[in-house]
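Okay, so chain A shows up in both of these, paired with chain B first and chain C after.
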Partner chain A sequence: MLDLLPHLVNGLVLGLLFALIALGFMLIVGLMEQINLAHGSLFALGAYMGLQFIGPNPPLPADLTTYWLQLPLGWRYALALVIAPCLVGVVGIAVEVCMRRTYGKDPLYGLLLTFGAAMVIEEGIRLIWGTRDYVLEVPRAVSGAFFFQDLIWSTYRFYAAGTAAAVIGLVWLMIEKTSYGAIIKAGAHDSEMVRALGINLSRLRLSVFVFGTILAAFAGIILAPIWGIRPHMGVDAVVPAFLVIVLGGVGSFWGAVAASILVGLAIGLSAAYASEWSLLSMYLLLVAVVTFRARGLFGKKSVLEA
Partner chain B sequence: MTAASSTSPDAARLVTPTMLVLWLALATVPLWIAQAGLYPYLGVEILIWSIYALAFNLVLGTAGLPSFGHGAYFGVGAYAFGLCQFNLSPNLWVSLAAATIAALVAGILVALFISHRRGIYYAFMTIAFAQIFWTIAIKAYDLTGGEDGLLRIERPPADFGIISFDLRGNVALFYFVLAVFVLAVVGLWRLVHSPYGRVLAAIRQSEMRASHLGYPVWLYKASVFAISAALCGLAGALFAMAQHSAFPDVMNLTQSGYVVMMVLVGGGLVNFWGPVIGVAVFLLTRDVIGAFTNSWMLWFGLLFVLVVLFRPEGIAGLVKSSFERHSLRGQGLSALRLIFRSG
Partner chain C sequence: MAKDWITRRRFVTDSLMTATLAGAGTFYGPWQHNAAYAQAKPIKLGLTNDASGQFGNSGQDDHRAIRMAIDEVNAKGGVLGRKVIWVTADTESNPATGTRVAERFITREDCSILIGALHSGVANAITQVANKYGTIYLNSNSSAPSEAAENCSRIKFVWDGNGTNFTKAAVKNAVQAIGKNWLLLTNDYVYGHSTAAATKGQVEAAGGRIIDNMLVPQNTRDFTAYLLKVQQVKPDVVATAMGGDDNKALREQIAQLRLDEGKPAWINNQQDWPDVWGAPQTLFGVFGTTWYHKLSLPGVAEFVKKWQDANKDGPIPVPGNVSYNGYMATRELFRAIERADSTNNVKIIQELEKLKVPALARMQHHDAYMNPDTHQMQQTVYLARKNRKPTDNTDHFEILSWAEPKAVEDDVAPTKCKLIPYDKVPTVDS
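For the complex of A and B:
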């Protein structure tokens, strides 16, 4: 039993990371009933932006650059975690403005539009940064490894999982416990009534989309040291994100989080027995669940299944 | 298929004037393609992808089912062709049949799991199965050759008993693929305009209405998926011949996404020929813009975004609406339609 412990812990960590990746996707699906396939590319863009800020050539004015480079790595990393997602948020604004034309139509159009946007962003990344792999430098405090029970554990994975748990908690508090969250949920539930109450619905949708984008970019920076930075990382992120939303059920916050943990554990445990095939386990899990439950684990009725 | 095309006399025909014109035009392609600065192989590729896109559009355009993992069946066909050639029989007909049957079996298997699902759940189930097939293609090294795929697949001669054609040259292969394309077009045209096709169109409009009218909706959804998968497998087999190999790339999600893009850009949702137009535009853009810049996908992505935003009915829809706007016949038709609708 003991030899399964590292696989269980790895699975749990992976599950939390999947939940972090899926968080922005989930908000946009749950609150706007739109599938944002550009999520993965925005995730990748976040990682590249973070890289640019932490690396030797930050996109800043010359005099600011010298000051910026004198900052210790920890500060640069912490600031990049805030600045880079906000810059990616600007790209999110552009995507949402394009997406407005598809609201009220078949959800297929929103999905296709964001697929096109994903292609454009990914090609843009290849154009700017090339196709090579990059490694994101992280502060000493969260890198390295430690010993526990005669096993080596990577510090960074635990830091990343902890951050994921904290962000998930904060987002949940924001949706459930603030009046802003109440308005967003009401907008998803009955947009006409929300508009009748004098709330600017298009600004509301824009802010939800940008918030989802920022979360995607943030997840990109957190995941970058684990997965490495390359143009294809967007596709590697959007597929699990989409998967956990479908597995958890559209419109269910904790359903998606539970699905992430399940997927993480499935991958972690199958890695113990057949590491080559461990990625298959998440698709088999999805097929097994959705074959018997039409709306995933905890899904609600949604226009996305029409 | 829109109401206009199914009420036109062409709907009842086996071969329509448009088909004849298109086939004749395609048959001349090897004569001038080299002079146009392109190469004969491009013609082969366009025809193969056209068969694939037409087969895919049976699911997306005719039945309105969001499948995003059709590359899997294309790939299954390609691998089955290669494996049959290596292990069973080098005969062309046997290998093509094996590819079609393998893809049909894969399609039936998947259809049984997904046909009771709708919308996003349906869409993602198709993606999940595509990923399963793709993972098998990459990891089952002994069977599929892993990331490299199956190499050195031959192009066996097309043997008709009394006469046999050598398909090793690209021009010969082009005419062989064109023959398959002709058969596929006739078959699909009949299928789409048959009572079966009408039920599919009804399912596309409203699954609930179709099921309340007493149609076994899931059976229709499952069968159309299987037919489409089988034809995609046949296209995959031709692709394996054309490429002399079968490799996992054609099965990945991006490639499956490309076929969706081709169908939509061409206008597959409103027109039977949309997929063919889309394939031609996609592959020509790849080769023409690709000659100037490595980032041609950027430009095609932008074109795709513009199409979705402003012309969701695609190029075929654009041509059709401008035709109706500018021709007297079109105006007469729309006037008639107005009268009948209001009366």
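For the complex of A and C:
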């Protein structure tokens, strides 16, 4: 019989990575009630932008490029984690501006628009970077492997899971403990009242969408060294993100986090003990939960009502 | 008004002159190829290549080489004096899409021959449709052993080496030299299953045993659970049968863990060149291929140059096994049509069944031949590993050995492959 502990640890790590992927998606669904099908493509674009800054051809003027490339890899990586998601945020602005006409209408319009945006972004990636695969170089401090319980583990996965936990905490703090978070929640809860109080609702929605985009791009850079970089990598992200949101309960912050960890554990354990069921297990989990709790694990309760 | 009329005599004279000039121009002008094309309708091919999904990258590499072979034959005046034209559609690495595309190409686009496959499920789906209409189908690059065994067909020809060929080239020596306890890591679809079955047979025949077969669902991106289990089970050898993007993600994660250094040993069935390009540092273990652009054989350098000229803006700078198979399949099809002196499907099939290609023309170490009982091209199989001393930035393989086709032929396939008689094949003529 296999020792269970390594697989529980692996499931937990995987769950945190899923939570990181789903975070931006969850914010936009929960706070704007918009399903952003371009989430996966923005995730992929983040990975490519990160690659561009970390790799040998940064999109910078020639003299700045020389200086940039002299920086140690760790610095370039750390700066890319900030700069690349912000640049993808600009793409997020464009998508949100296009989405404005769909607000308050049938959700299908928003779905179709973001689906189209996903296609455009993915094809744009193919045009700029081609169809080949890339590997994202990471600093030595977080690469390589270590021994735990006589098994070799990837250092990077634990770094990625730790980063995911930190980002989850920061996002929660921002939404729950800042006045800006309160305005965002209020805007989602009763937009007319927020507008009546003199708050610019369009700007508020824009900021939420761009923040969700930045989180998607950040997740793309973090996941890139594990999954590899290829134009259609976004599809691999958007499916579990969507599943996690439904499983956790649409709009529920901690519901999404708990659902991510459950999905991670389901995949991790089934891969070890019944490998052919590993991907199916997350769908079975969804069916089982939705059968008994149609609104997902945390039901209707969300950050908006906290 | 009367002077504007055309008299009957003048009308007949002018018509005759026009017809004479047009006829002479057609046959004696500088456009002799077009003159030939004009005599008969073009031969239309349906290129069933993946452009997205798990095999999108490789599918397009296949596509580029097929196009190159078509351009080449058209530049020489076409086949039987007829221009070759083509249509293509993305089969999306998805069998259901493969079925739809094949049906459309045959019934609406009037394609008389289909070419292209990476995903064995897609290849099998296309075969079912092609069977129904008697349309010849060239499976250029799907390497599931089942393609030339239980899923074989009179109308289908398989051009890639398959899981059994690569397994036979590697397993016997590995059981003796490395160890008897083998673990299989198998992509959960037809290629993985049939390759794993072949590996199991070879391992057991060589005195080894399979201690576990882990099935990996398609589109798996995180392999940590599997790699932890590999470490817990402690096999001597892990034999993988993974395809496309799944294979790339697996390679990246094994490289991160450095699991390829020391035990267990890794035997990877085949590494397609488009999957290697872009991430060569993740290559590990011993793997198979049917061709490499650095083989020291006559014609290789010329072929590479020709391919580069045809694909100047392509994503990959040199051809690999996928392009090679796509090109060879298409080229041999045209030659078979010329030999048959007909576009009748059965006559072409009979020509392809007799196909023998000298090593020189194949740019391989041994002569190749089509097995008439399975319709699989029997060819040289190479074993390789990551090149530690590359001569340039495309030199990623170190070729370790090569096996002649007879030595790696699938002996069981003919017993599983049931080809229907020629008179049961619906007639197709381009």
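Note that the second predicted complex is superposed on the first by the 296 of 306 C-alpha atoms of A that agree within 3 Å, B and C clash if a C-alpha of one lies under 4 Å from a C-alpha of the other, contacts with A are read in each partner's own complex, and residues count from 1 in each chain.
Just so we're on the same page, a residue touches a chain if its C-beta (ideal position, glycine included) is under 8 Å from a C-beta of that chain, and two chains touch if they have at least 3 such contacts.
Remember, it's a predicted structure, so these values are computed and weren't measured experimentally.
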Simultaneous placement of chain C and chain B on chain A, clash or fit: clash
Partner chain(s) touched by A:V135 [first = chain B, second = chain C, both, neither]: second
Partner chain in contact with A:G296 - chain B first, chain C second, else both or neither: first
First (chain B), second (chain C), both or neither touched by A:A272: second
First, second, both or neither for A:L280, with chain B first and chain C second: both
Partner chain in contact with A:L112 - chain B first, chain C second, else both or neither: first
Touching partner for A:A164 - first (chain B), second (chain C), both, neither: neither
First, second, both or neither for A:S154, with chain B first and chain C second: second
Touched partner set for A:H7, first chain B, second chain C, both or neither: second
Shared chain A surface residues [contacts with chain B and with chain C]: 276, 279-280
Contacting residues of chain C [partner chain A, same complex]: 52-53, 56-57, 60, 188, 214-217, 219-222, 224-226, 228-229, 231-233, 245, 248-249, 252-253, 256-259, 274-275, 277-279, 281-282, 315-316
Complex interface listing, chain A residues touching chain C: 2-3, 6-7, 10-11, 13-14, 17, 130-135, 143-145, 150-154, 156-157, 225-228, 230, 232, 236, 267-269, 271-272, 275-276, 278-280
Residues on chain B engaged by chain A in the complex (per definition of touch): 66, 113, 116-121, 123-125, 127-129, 131-132, 135, 139, 253-254, 257, 260-261, 264, 294-295, 297-298, 300-302, 304-305, 308-309, 312
Partner chain B, residues of chain A touching it in the complex: 35, 98, 101-102, 105, 107-109, 111-113, 115-117, 119-120, 122-124, 126-127, 235, 239, 242-243, 246, 250, 276-277, 279-280, 283-284, 286-287, 290-291, 294-296, 302, 304-306
